[in-house]
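Two complexes, one shared chain (chain A), two partners (chain B, chain C).
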Partner chain A sequence: MSEKAAAASKSFFTPFNVVAGIIVIIGLILTALRFTGGLAAVTNLSDYNPWGIWIGFDLLVGVALAAGGYVTSAAVYLFGMKRYHSAVRAAILTGFLGYALVVLALHYDVGRPWRLPYPFIIQQGTTSVLFEVAACVALYLTVLFLEFSPAALEWLGMEKLRNLITKLTLVLTIFGVILSTLHQSSLGALFLIAPSKLHPLWYSPYLPVFFFVTSVIAGLSMVIFESTLSHRYFGDKMDEDHIREKDQIALGFGKAASYVLAGYFAIKVIGVSAGNHWHFLGTSYGLWFLVELFGFVALPCFLYAVGVRDKNLRLIRWTAVIAVLGIILNRFNVCLIAFNWHLPSSERYFPHWMEIGISVFVVTIGVILYRFIVTRMPILYEHPEYTDAH
Partner chain B sequence: MSISRRKFLGWMGAAGLSTAFGSPVHAAANKHFKGYPDSLGVLFDSMLCIGCRNCEAGCNKVNGLPPPDLPFDDLTVLSKKRRVNTRTFTVVNLYDHSEGIKNPLFRKIQCNHCLEPACASACFVRAFTKTKEGSVVYDPSVCVGCRYCMIACPFEIPTYEYDKVLTPRIRKCTMCHPRVIEGKLPGCVEICPNEALTFGKRKDLIKIARDRIRKYPDRYVDHIYGENEMGGTSWLYLSGVPFKELGMREDLGVTPAPELTAGSLSTVPMVAGLWPVLLTGLYAVSKRKEKIAKIEQHQAIASTLEKANAEAESKLSKALAKAQKEKDAAIKIEIKKALEEAKKTQEKEGS
Partner chain C sequence: MDGIFYTLQEFMTYTESVTYILIVAILLGMLGFWIFLVERDEN
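Our next item is the complex of A and B:
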């Protein structure tokens, strides 16, 4: 819509472009500060708090919210739910951009980003959970790139290569699910090594399972959330199939998310009882834990169920927002809020505004790239010359 | 894809061999690693420490660290809760403690040099090494700067040069590894005027510590901190008050850090091995369902068509019969008409 208006009036200064432009300029300035002044110049990181929101948000939340790619492609290509087919390309694109931006954000966070390939080419620290995360994320980014590439190749008119890659769909999907299972859970396993630092209500030997299950919830909810946004802002790009299937997708994914949330609620309670941590529920951290458990697990579970029963799409879409916020809250709790809970408040971490600025910058790049791609490539519609492979 | 029998046997053989000669982690799974034999360590006796900060000065000197903000003979800093940082590998703090002991109580903080270090286990580029001498040393030439070692360390020891742009390093005590292999004492031990620090083989230090506890049961609590904490550390501590009052955590447990993540890591090959089976299985099930649905659809269409055909045929034959009847009737009428006509003509001719 804004695209057409811009083309008509020949004006580049649409509200989206102005806001995005300002964020990008600030982001570039902050980038310059980061790479000329070191981490100390732009972050509040300390020797007690080596990981801030660039890990808590950009890595942990970023990877979880990019789970829509493997969840949707598994549903459609492996479990045979073809009625959700029109959701696949958008979900894969979001996943691919999500992971690409995670890797971009890591370049800001690690001290010597040019050494990021070292764990693969110089020395392999295979006893480290982080090694597994790094290996899986690197491989999965490649898989997502290949899964996304047919859309780009259709746009570029490279038919032969496109046909070759679409033949790999099944293998790539299986590979993607394996890699996602491994690294989504391993992001939780990162914290297994620090039982003395993470609050007992969040620390659990089941952390890897919790992280994997929540990634499914995040994936399902993000597909609902972003299809709502896509319909609102790129509705003119959608073909009939997409518009027709969109409500079905919200109903089906909402139903699945409700079930998974119910299971997650159960294993969270099991986690508390396995550690016999009931007495912590009476403390202020316990209250916060209950807010997460009831406000962002039980509530969206219930609302999804009601929304599906009543076929109330509006309710389902709002519930997706609550569920996504719940995932963000959970990752923040594990990595930042309940981590280092034993330290006095003077030693605790709160992000510097420039850290938040970089995170906003990275998300904005994602939105700009998404917009660039869906307004050009066949993501929300089928390319008229390539309707065969679906 | 087809696999020859020979190839398959080859693979199985390779799998068997790697199990037999498997990684040292698995080989040692049911053994308790007690550190390298004759590895070295330091015993800190808080009852002998007088808080003179000489060890801080000695450490600063032998490691060539930048001068401190306040000179080492300024003892007012002792009551602040200081921690190690990139310019200070060891600090001595003064602790408030319960009744009973008249003297002020101090504790020295530095890397404890775990027998199975969390930092080394967490490092994805193996920048940390537990040497056979007992030190945990760090190699900045491979470090990526992810700072997972700092998350992992239960003693909050590794520090990071956040202010460096191109060459940020982790900084921490090395138990003076370069000096130790030359046969010298660690800087802090060498300078300590009151023998609060004892350097030696870890197993001897444990004996010394036990002797002190036995000889002076009123002076010491009956615990050697570091003997078993986090699987054991090369630095050992004696105290006259519960270690908690010296700001040391008593809830760390005795599990070495690598074991905390070993279980999760061991599921990786299982997922990699079984998921393809599970997923292709689910794919096959959904494909088969689709196929059966298609066959059933075909059958349904065929039977509907048959029915429709039969109905149409019967309708047609009925219609044909009806048409025949009508035709017959029409012929009869025509014949009747013709006959009547003929009769009339005859009558006319006759008249």
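Our next item is the complex of A and C:
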């Protein structure tokens, strides 16, 4: 083997590639088991618990954490905050990959992928909240693809098409905000049908509002979190604008996230008050509710505020991690932990290891795709032929 | 009240009263929190 071939072989077998490769191989085997053996072969789902972590994590958390796309593009293109412009492409890419993987993961839960277009062309369930979610996700994935495409077209050298799509930026941003408002809230509205199954501390007529507001928090926090990781692992890809603006992005988004978290804390308390559910706070579920409310809403709200006041970027970045974990915890609570709370423990749902394996597989595909795109396309830097083109 | 409501009217009167008081407190709190958040901002 020549030295060149040996070096290429060595560079391919990096720790990341080896771990990702193993996860992908296991994921493909689990995929084969799922689509040949059915849900029972790989999940602990039952008639009592038809929605497991493929819905609770892959879909509900995935959609919430992909909200950075509409939050950032609305801030820059609708509210004119051009100082955050360098965050747009990375946020759009994260959103696009997030939604694409949500659709992928949904196939595992729903099955029969060839029937995906049925709700639109065979039997329109227009009175169903799920239909509205499906329609919005399908349309918004298209919008995100178009919003992301200029980066890919610059990479491919297709200037005319890139310029045409760039002219649609404002319209696409408005579509994105409308569609996100609709389906982020509708995911919460899905649980309005089950007031007797969801614990009263989490059930509220305001669930759609809670889900929408938390998606804004998730979007802002994910942009800070993702920007931190990008700077750490792809710092060599960033141009001067990105490096200069990243601190401004953390401070601005941290301030916004702090205030939205304060508002969310307030409406959660109003939710308890409107249902007169104060007496539940003394129970074990009440303590868990308080852990979520104070540990993952009030605490990040306060830490963001202190970080912004003291210009402490390290604190803001760690707080973004707490906020993201808080969103994950909230979706798990609504979909899994506080759901079917009346059932005896023997009937409660705990995910099968193969369900967790599929979720890890889906997230790993997202990381691989993000890495592939960021190392090739102008996401963290401006293409030299299109500087000052927007 | 001891948490016992005999009619929807009683329930709504009680919960709405508490909620309206909370909303006033929250609005004042949000104003104070905004000042706390931005008081060190440069012009």
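We adopt the following convention: the second predicted complex is superposed on the first by the 378 of 390 C-alpha atoms of A that agree within 3 Å, B and C clash if a C-alpha of one lies under 4 Å from a C-alpha of the other, contacts with A are read in each partner's own complex, and residues count from 1 in each chain.
In the analysis below, a contact is a pair of C-beta atoms (placed from the backbone, for glycine too) under 8 Å apart; a residue touches a chain by one contact, two chains touch by 3 or more.
Small disclaimer: the values here were computed from a predicted structure and weren't measured.
Applying the stated contact rule after C-alpha superposition, one finds that A:Gly235 touches neither chain B nor chain C. Once chain A of one complex is fitted onto chain A of the other, the partner contacts of A:Gly38 are limited to chain B, with no touch recorded for chain C. More chain A residues lie in contact with B than with the other chain of the pair chain B and chain C. In the superposition on chain A, A:Lys255 makes contact with chain C only, not with chain B. Shared-chain residue A:Gly263: touches chain C; no touch with chain B.
After overlaying the two complexes on the shared chain, residue contacts for A:Gly275 are found with chain C alone; chain B is out of touch. Shared interface residues of chain A, touching chain B in one complex and chain C in the other, do not exist. Those residues of chain C lying in contact with chain A across their complex are 3, 11, 14-16, 18-19, 22-23, 26, 29-30, 33-34, 36-40.
Looking at the complex, you find that chain B touches chain A at residues 25, 83-85, 118, 120-127, 142-148, 150-152, 154, 156, 158-168, 249, 251-253, 257-258, 260-261, 263-265, 267-268, 271-272, 275-276, 279-280, 282-283, 286-287, 289-290. Against chain C, in their complex, chain A makes its touches with residues 255, 258-259, 262-263, 266, 269-270, 273-276, 279, 305, 308-310.
Contact residues on chain A toward chain B in their complex (touch as defined above): 35-41, 43, 45-48, 50-51, 74, 77-80, 109-113, 115-116, 118-119, 122-125, 127-132, 134, 170, 174, 177-178, 181-182, 185-186, 189-197, 205, 208.
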